[in-house]
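By letter and in written order, the chains are A, B, C and D; residue numbering begins at 1 in each of them.
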Amino acid sequence: MLRALTYSIQEAWESLGRSRLSGLVSVMTITVALLILGAFLVVTSNLQQLLAAWQSAAEISVYVADTISPEQRAALDDLLAGSRAVASHEFVSKSQALARFRAQFADLAPVAATFPHNPFPASFDVRLRQEARQAQTVDSLAASLRKMAGVSDVRYDRVWLERLLLTLAALQAMGWVLAGIVVVGAALTVSNVVRLTCYARRHELEIMRLVGAPMAYVRGPFVMEGALQGGAGALVALLVLWSGFAFIRGRYGEMALMALGIPELRFLPVQLCIGLVVGGMAVGCAGGLVASLGTEAGEGLVSAAPVAEAQATH
Amino acid sequence: MLRALTYSIQEAWESLGRSRLSGLVSVMTITVALLILGAFLVVTSNLQQLLAAWQSAAEISVYVADTISPEQRAALDDLLAGSRAVASHEFVSKSQALARFRAQFADLAPVAATFPHNPFPASFDVRLRQEARQAQTVDSLAASLRKMAGVSDVRYDRVWLERLLLTLAALQAMGWVLAGIVVVGAALTVSNVVRLTCYARRHELEIMRLVGAPMAYVRGPFVMEGALQGGAGALVALLVLWSGFAFIRGRYGEMALMALGIPELRFLPVQLCIGLVVGGMAVGCAGGLVASLGTEAGEGLVSAAPVAEAQATH
Amino acid sequence: MIDADRLSKVYARGVYAIRDLSLKIDKGEFVFLTGPSGAGKTTFLRLLLREELQTEGRLMVHGRELASMSSGEVQTYRRSLGFVFQDFKLIPGKRVFENVSFVPRVLGVTVEQQRRRAFQVLKWVGLQHRMSAYPHELSGGEQQRIAIARALVNEPSLVLADEPTGNLDPDLSLEIMNLFREINARGTTVVVATHDRELIRRVGRRAIALAHGSLTEAV
Amino acid sequence: MIDADRLSKVYARGVYAIRDLSLKIDKGEFVFLTGPSGAGKTTFLRLLLREELQTEGRLMVHGRELASMSSGEVQTYRRSLGFVFQDFKLIPGKRVFENVSFVPRVLGVTVEQQRRRAFQVLKWVGLQHRMSAYPHELSGGEQQRIAIARALVNEPSLVLADEPTGNLDPDLSLEIMNLFREINARGTTVVVATHDRELIRRVGRRAIALAHGSLTEAV
């Protein structure tokens, strides 16, 4: 077994050394596939932060009559706290509302000064759970809030809500489509690389089959070469991804945080990085295994002509 | 020449028919590459619409004193009309400003009713040209506006401006990176397909070389096969892209228009579609040509072993 | 050792390559298989290698029916064979020495054993000086001798050689046959397919003549 | 027709395959090239095909120096040759008939001409009944005869055959030689490399014997 392993490593290494260009192309192809996947993951994870930031904006405003009693207010508080659709809620008093108006509309500061008394009503700012963010749920919540005593008005920006819903759905759809394309692309990539490996090793394989070499020797070098290529591809992909990420963060990072309201631009977590490398090696191994199986069965993977040739002269 | 063409088409067709799986993989690989490119183009062109929509929002507000004379106003108008940084400008009278406030802040309708007189100043809403949208340009424009007689205040949202700038820059950077990856991926794809084609055709090529076949016959089938595969790949990519687009538009189209404020979700223009197909065929042709050249020179492209084998027994 | 009983092999399109062939080869024998082009010599050897399965009849080696072997048993069985292919089947990307030592290597022999055996067989076929050349740098006859060396490197108990002297001149052919005779003298069974009647005459061993897949005469 | 003057060919690693070879072959001649394995027969034929360039000396065919030909001229020159390769070089993905008609096809001959000639040469080598088989479905000798058929399909003015009977039995070898003699009688120059002394004796034409890349005797 140890001898088979030594053999596999030697052969894989030799084969990489012999067909340098070919090996390079394979590694680069895997790199590109993983690069697209990795970029997708980085963008997705940062978008999720962005979405989280958006979601923290108030979504329903429950205006309260100036005449509300402390009991009524407590009842409202309980209702909101008990609702499964509500993520959090916050009371905004009349004076807080006025202060907010002054801060947001500095242009109108002179106007505010002319107010004879504070015209702004107190309100509850309600944030919804992501799961509950469906038009009907929100509508029914609003309806039940309106029925409460002491509530003067319930307002929520349906357009904004729908925009949020839509954006989420669109992003998800695009994500699925992109992921699908990437998966198909990766599969094709691996299959192309595997076919090239098959071609390159077909003579060795035929001889091994004909002299009764153990499976470990037949498949070992394939699997090793696949693992080496996959691992190398993943490492290069991570390196490129990290460089790109560091560049973008260095150039636009500060601004991005400020402008988009994301706490920080995040790279992939370490576990995912390790996962990518291990995944690359696994895909390489699997490709190698398929290649060795395919060549053994002697059909399909390699097109008609070379198979015929493998059995050439009788 | 005609005979060479007939031969090339026959051989390419036969070769596609013979190695169906292999041909399919090639076509699918090209499809994926073009699909990513196409999706990128569709998203980009729609994002550009979105950006255009964003840009139509007012960017600088020039508040005018209530005491401004018609001459001063005309001078201001001329200055704005003459500035190369300004895309358009619009006068908003005091009563228009009040109406706007009422519409935007329906909550505060009772507040508005309490105003003893219209507290809102008249203003010019100024939109900037894309090229001019740099912080310094805007700052200097604002400074010169402030010096004008009759101007009470010049306000612009620096944060909003920077966010716009940043978003544009980030999108552009991501676009370039993605485009780069796609180009590398496409090149690798083509090179893999080409190497497989080389392998599949090496016996024919050797014989042709050894019997002195004219170049048209040697290269023709390669180029033809490349063109057929490239064209087929592009057509399939367009089909898939269109289906995906139609699905997304059908499901989210109306909402997208409403929510994002884009006039319509656009597919690729017809010229670009034709361009993609022609491009696919051209890439296929080029790949085929490279393959035929590579095999002729008998090195590099195909790894060491098969070349040695091509010259095998003496 | 080898016992074929009413053996037939039909390829696609109904081509009978072997038809109703019954023959016995004893352990330790040296047998020629002869007959015109397309007589079925290669097919018979391929059946013995278990590269093909017979259509009808029975083929026993070492008292075991080949058709009923599991794939693991086929592996073990093939390790006891040495086969010279009509088309050599050398590995283009490996040097001569690697080509020859490849077989013991993938069968898990130790490194020194590999080298020792490979040197020895290369010397036997007179090509130790071309050890580090690639197959495409050799003449047809040299390639053929490498193929012979590879078949012998693993000290097989049964050697099957398909036209091993087709690319060799008469003197060299006889030398190779003497090599086979030597191995045979040490107990290895040898089956050689050849057209070369002159060679058969000079070596003077039993010859099984095929024509259209059947025996014609047993000299 | 063929005029070699102090011709030498050195491969990498300083292997002299041809050394100081001077010989003349007249138009319309039928010549055997013989010699032991590695004597340089294939190398000489490859020089004549202009697959290799000589290291020293001069090689003229039809009064033209081969080394000084442009690549366009090489194409034209090769179209007048018929070459039987020692390793056949059949196209595995094409049927026998397509393999043979491939050559006229890529040289731009009309479709009927292609078929007519291909049928004819397949009949000459006795394989018209295997027309729609793939090469791997043929025996070694059958493949070799297809290779011969392909070399003759284009009515070449010079036929170079490298060991064309290595996989054929003596009777069939003689038949093929008679075919070459027939073609030769119609004016084609024929050069056949072979080890088979018996065959040379039976055909009875001039034999050029090489050893270590040089002439040894001209029978």
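Of note:
Convention: contacts are C-beta pairs under 8 Å (C-beta built on N, C-alpha and C of every residue); 3 or more make two chains touch, one makes a residue touch a chain.
On a predicted model such as this, the values are computed, not experimentally measured, just so you know.
Counting C-beta pairs in contact, the chain pair with the highest total is A-B. In this assembly, the chain whose C-alpha centre lies farthest from subunit C is B.
Centre-to-centre spacing of subunit B and subunit C amounts to 64 Å, using the average Cα coordinate of each chain. For the pair subunit A and subunit C, the distance between C-alpha centroids works out to 59 Å. Centre to centre, using the average C-alpha position, subunit C and subunit D are separated by 29 Å.
Shared interface positions of subunit B, defined as residues touching 2 or more other chains, are 18, 200, 203, 304-306, 309, 312-314.
Contact with two or more other chains is made by residues 42-43, 86-87, 91-93, 138-140 of subunit D. If you check the complex, the residues on subunit C that touch subunit D are 11-13, 15, 34-38, 41-43, 86-87, 133, 137-142, 144-145, 162-163, 166-172, 195, 197-198. Touching subunit C in their complex are the following residues of subunit A: 3-4, 7, 18, 200, 203-204, 206-208, 210-214, 217-218, 312-314. Those residues of subunit D whose C-beta lies close enough to touch subunit B in the complex are 42-43, 46, 49, 51, 74-79, 81, 83, 85-87, 89-94, 102-103, 105-108, 110, 154. The touching residues of subunit B, counted against subunit A in their complex, run 18-19, 21-22, 25, 28-29, 32-33, 35-36, 39, 43, 61, 63, 101, 107-108, 110-111, 114-116, 119-120, 153, 155, 159, 162-163, 166-167, 169-170, 173-174, 177-178, 181, 184-185, 188-189, 191-193, 195-196, 199-200, 203, 244, 248, 251-252, 255-256, 258-260, 300-306, 309.
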